[in-house]
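Working notes for the structure below.
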Amino acid sequence: MIAFLTKRIGIGLLTLLAASMVVFGVLEILPGDPAQLMLGMNATPEALAAMREQMGLNAPLLARYAGWIGGLLAGDFGRSFTYSSPVIDLILERAVVSLPLALIALALSTAIAIPVGIFSAARRGRAGDTVSMGIAQLGVAVPNFWFALLLVYVFAVWLRLLPSGGFPGWSAGLWPGLTALLLPAVALALPQAAILARVTRSAMLEVLGEDYIRTARAKGMPRRYVLWRHALRNAMIPVLTIMGLQFSFLLAGTIIIENVFYLPGLGRLVFQAITQRDLIVVEGVVILLVASVVVVNLIVDILYAVVDPRLRIRA
Amino acid sequence: MSEASAPYEAPPPQSLARLAFANRSFLTGFVITALIAAMALLSFLWTPYDITHLIVADRMKPMSWQHPLGTDHFGRDILSMIMIGARNSIAVAVVAVGIGMGLGVPLGCWAAARGGWVDEALMRFNDVVFAFPALLSAVMITAIFGPGAVNAIIAIGIFNVPVFARVARAGALSLWPREYVLAARAAGKGQVLITVEHILPNIASMLLVQGTIQFALGILAEAGLSYLGLGAQPPMPSWGRMLFDAQTRMMVAPWQAIFPGLAIVVTVLGLNLLGDGLRDVLDPRLRRER
Amino acid sequence: MSLLEIEKLGLAIGGMKILKDVDLAIEEGEVLGLIGESGSGKSMTALTVMRLLPHAMQATGRVTFDGIDILSAPESAMNRLRGDDIGMVFQEPMTALNPVKTIGEQVAEGIRWHTGASRADAEAEARKILDRVGLPAAKFPLSRFPHELSGGQRQRVVIAIACALKPKLLIADEPTTALDVVLQAQILDLLRDLVDERKMGLLLISHDLAVVADMADRITVMRHGEVMESGVAATILTEQAHPYTRQLAHASTHVPDRRPPAAGSAAPLLEVASVTKDYPGRRASLFRKPEPFRAVDDVSFSLHEGQSVALVGRSGCGKSTLARMILALDRPTGGAIRLDGAETSAMDEAALKASRRKMQVVFQDPYGSFDPRHKVERLVAEPLHLMEKQPSAAERRDMVAAALHEVGLAPRDMEKYPHEFSGGQRQRISIARAIITRPKLVVADEPVSALDVSIRAQILDLFADLNGRLGVAYLFITHDLTVARAITDQVMVMHDGRIVERGDTGAVLDDPQSEAAQALVAAAPDLSRALARRLSGRG
């Protein structure tokens, strides 16, 4: 178990290191001079040179990379020139929107998908299965931002039940905050739920065909008991894998969904920073998102070992 | 999304076509996909209206006999725009899948044949690519190198590479210990020859199924990028861009948002049905269960 | 009234009939052997009694167990019967246990369900039955997971589950087919003891006459879904009144006529010198180097032209690893392998070509041996890749036709795909592929163990014939001593990576010297010995 964990953590750290080089490298080769962007087209050469010096752009590549990583580790993500404030503050300010959004969406998608998947597998071929898998097939095909537009049309424009966008801030109270996140979360969650329900169903069906299911039935255990006590746990491995991947999808999905709903979250922050060439913000947010994906993958790996004893000994 | 790691043991391809068209999923998917493709091809020759002509008088007309799907805020016919937009969606997705297969499959086969450090390196490379949320990186790439269809293709294609590499590797790995591969080795055949003669033909069907899945995901990703303004640039119509334009006019002209969205849904649905049907037909393990 | 009575049982899926008018009865405490080759419907009969058939299957007729009409009983009544009054043991122990639950949970679960016992009581019961099946608490605590046990141990757990509540009837469907002979003997002993001790009825399903001859009071022989013959075991097997029974009995003791080729040159064809193979072991801790696992340990032997030698041993003894090294599919960690004087273990792939021409291989699995997407012509011609001068298309077809003719197939078979052939025919194709380059040595890894007995006899005849006519030398890898006896001049016994005994086949099998060889010989099922034992037992 320890060996397994050490190896997974090692791989996670290596991945993070490589990813940081990629992020730094890609932004480094970008056309356009950050100092120029900051000062505008009319800046004098002297002012530009001074700015370059101040921004540390004249240091060698490796030194700048080391400085950037050192800063990240110390919690210093640099300073945004468009917002003229520390990047870390921007991130924290936006994370309180994006993180709850992603978590609500994940919870929603899991809470819908897994019971539906199990239900379908248990009634395979019957009406309930056909209908729910038909809906899932459709759900997989729906782009989340279009679904979001439809939700806005129905619930905000037509029924006037929920706000069509914007975020009042948590200071306005828990309830207004949650209602502002509800439609975006549903829009993010449903297409993912459709995928997860399909995966759950096929994983369950695969497991239900295994020899040990027959052994359990030969023991006299009723079908329902076998489904919950024998099949479900074995089917969790592929389901966990997909859930891990979905977290990454949800994070990326926030970029689009936050744009649809005008939510001041990380996705919108990074999107605007990219269009404004505010590189330091882009670097900070991207590396943070990558780190959270790595952490989630690590959690998934640990859950594998919890579910499947065979993985506990293999390093 | 989930791919079985063992290749399907399909019988040789004599009766496959007959089997395939007897499969409801495959047939439906095939018909839908063929219709969409036909629509895209037709748009080269004919569309109901010329969309380069902006007719202000016809702005935001609802559905009618003249404009079955209504018109947009410039007075362009939405049906015509959807037809031309299909070209863009299909082209981006096809090339992106091509990039993914062209680079990913050789990589995966190589890693499986060589094993050792090559394999380990590929796996770690995959870890790194998968650590970047795909859409985020696509947004970065298109934003950095400039928006446009070509950069969208590259951005989506790059993320297909590790997907195909992983599928090919998993399939090839499970074939290498097979007795027929051992027999080929005993017949003095090298890794390249065995990969070409035995491995590739036997993983082709899994790759095909994965290809339809990635095709569908590519259509969705392209729509997302153009919605953000990072895909094909106006005046070239694209489904995602049409949705973006429609967003602010949702209250007055909902048809402007509904039909391009439906076009995406139908296309992706068709491809997914096609993929499901193919898997049913090619993987006898599933066929037996039915 | 009998404990289990099956009358006119029919079974169909779609329009296809799988069972036709099957009649069968088991008395309390009686052992019934159900014999048949693959496709005879014997497993389906057992699953019908358990009512665990795939959904689409339609059963007709009557099945009565202990006064209960099984075919019309409600599911809840079946749940009460299964695991309590009827237990079942399956063929494949490696997949029969849930990998994420401990063996204790899996045994105790049924006890709790049927008796309503508390967890502690059920676990105490589970402990007792695991002790009884030979898994003592010290080495096998309840907290063990299936993957921590070997195949034989897992089969004991499955038997413990089936017997935990002292069922009146135990159904064992090929319970030892996936195990090697020594384990087979142990499991059969255990089953016999449990049946005696608890007065259970036993329905023992097997394809192996010798196994059933030793165990059964009565025998039912099935073929193509129909009962051929039923009766007292000893009578059926000694009188062999029914032609099919006679055919089965002959096939399972069949020894091909062999005319060994004239001795070749004095120099050995194959020479294995102090060959060792290590595999990296499992890492116990991050900071300790893993101990390598030695699969083959200092093995030396030689084999002469035209000679037929068996390499026998239990599963996991290293015989297949050795075979792979001889075939140059794997490199030894130490030592040297020479074929016709050339050191194959030190050559690269290009240099190996000439040596590869002289040795070919036949594998066990007639289904996995061929690329399903190639036609027979291409499959059989594959080793021609090794020829110095590549034959033209016409020459190639001629050579393939000749090879197919050698193994008793028609030239037109080269146009077909492998799935169009039966298991036995595929094994012929496999042999055709092996002899097309006229090799001097054929390594055959369990070439007949996946085949039904009657087919097995034909393939053994083919091997014997080719040995006599073409002078091919054989290295037969097998765990089945009847195969070794039928077809080889010499036997080498392998145990834990070493060759512990070598000698003339008859001498080794009749008078084994080493402990490993004695265990193998004692455990091997033998029809004539079993019958002799039974007849003398009965007086």
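As written, the chain order gives the labels A, B and C, with residue 1 at the start of each chain.
The definition used in the following text is that a contact is a pair of C-beta atoms (placed from the backbone, for glycine too) under 8 Å apart; a residue touches a chain by one contact, two chains touch by 3 or more.
Note that the coordinates shown come from a computational prediction; the quantities given were computed from them, not determined experimentally.
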Higher-contact pair (C-beta pairs counted), B-C versus A-C: A-C
Taking each chain's C-alpha mean as its centre, the one farthest from chain C: A
Rounded Å distance between chain A and chain B, as computed from the means of their C-alpha atoms: 22
Rounded Å distance, chain B centre to chain C centre (Cα mean): 46
Computed distance of Cα centres, chain C from chain A, in Å: 50
Chain C contact footprint on chain A (complex, rising order): 2-3, 6, 210-212, 214-223, 225, 229-230, 233-234, 307-310, 313-315
Residues of chain C that touch chain B when the two form their complex: 324, 327, 329, 349, 352-353, 356, 359-361, 363-365, 368-373, 375, 382-383, 385-386, 417, 419, 433
Interfacial residue positions of chain B with respect to chain C in the complex: 9-13, 178-180, 182-190, 197-198, 201-202
Parts of chain A lying in touch with chain B, wherever the complex brings them together: 11, 14-16, 18-19, 22, 26-27, 30, 137-138, 140-143, 145-146, 149-150, 152-153, 157, 195, 199, 202-203, 205, 209, 238, 241-242, 245, 248-249, 251-253, 255-256, 259-260, 270-271, 274-275, 282, 286, 289-290, 293-294, 297
Touch list for chain C against partner chain A, complex: 50, 52, 75-76, 78-84, 87-88, 90, 92, 95-101, 106, 109-110, 113-114, 145, 147, 158, 161-162, 282-283, 285-286
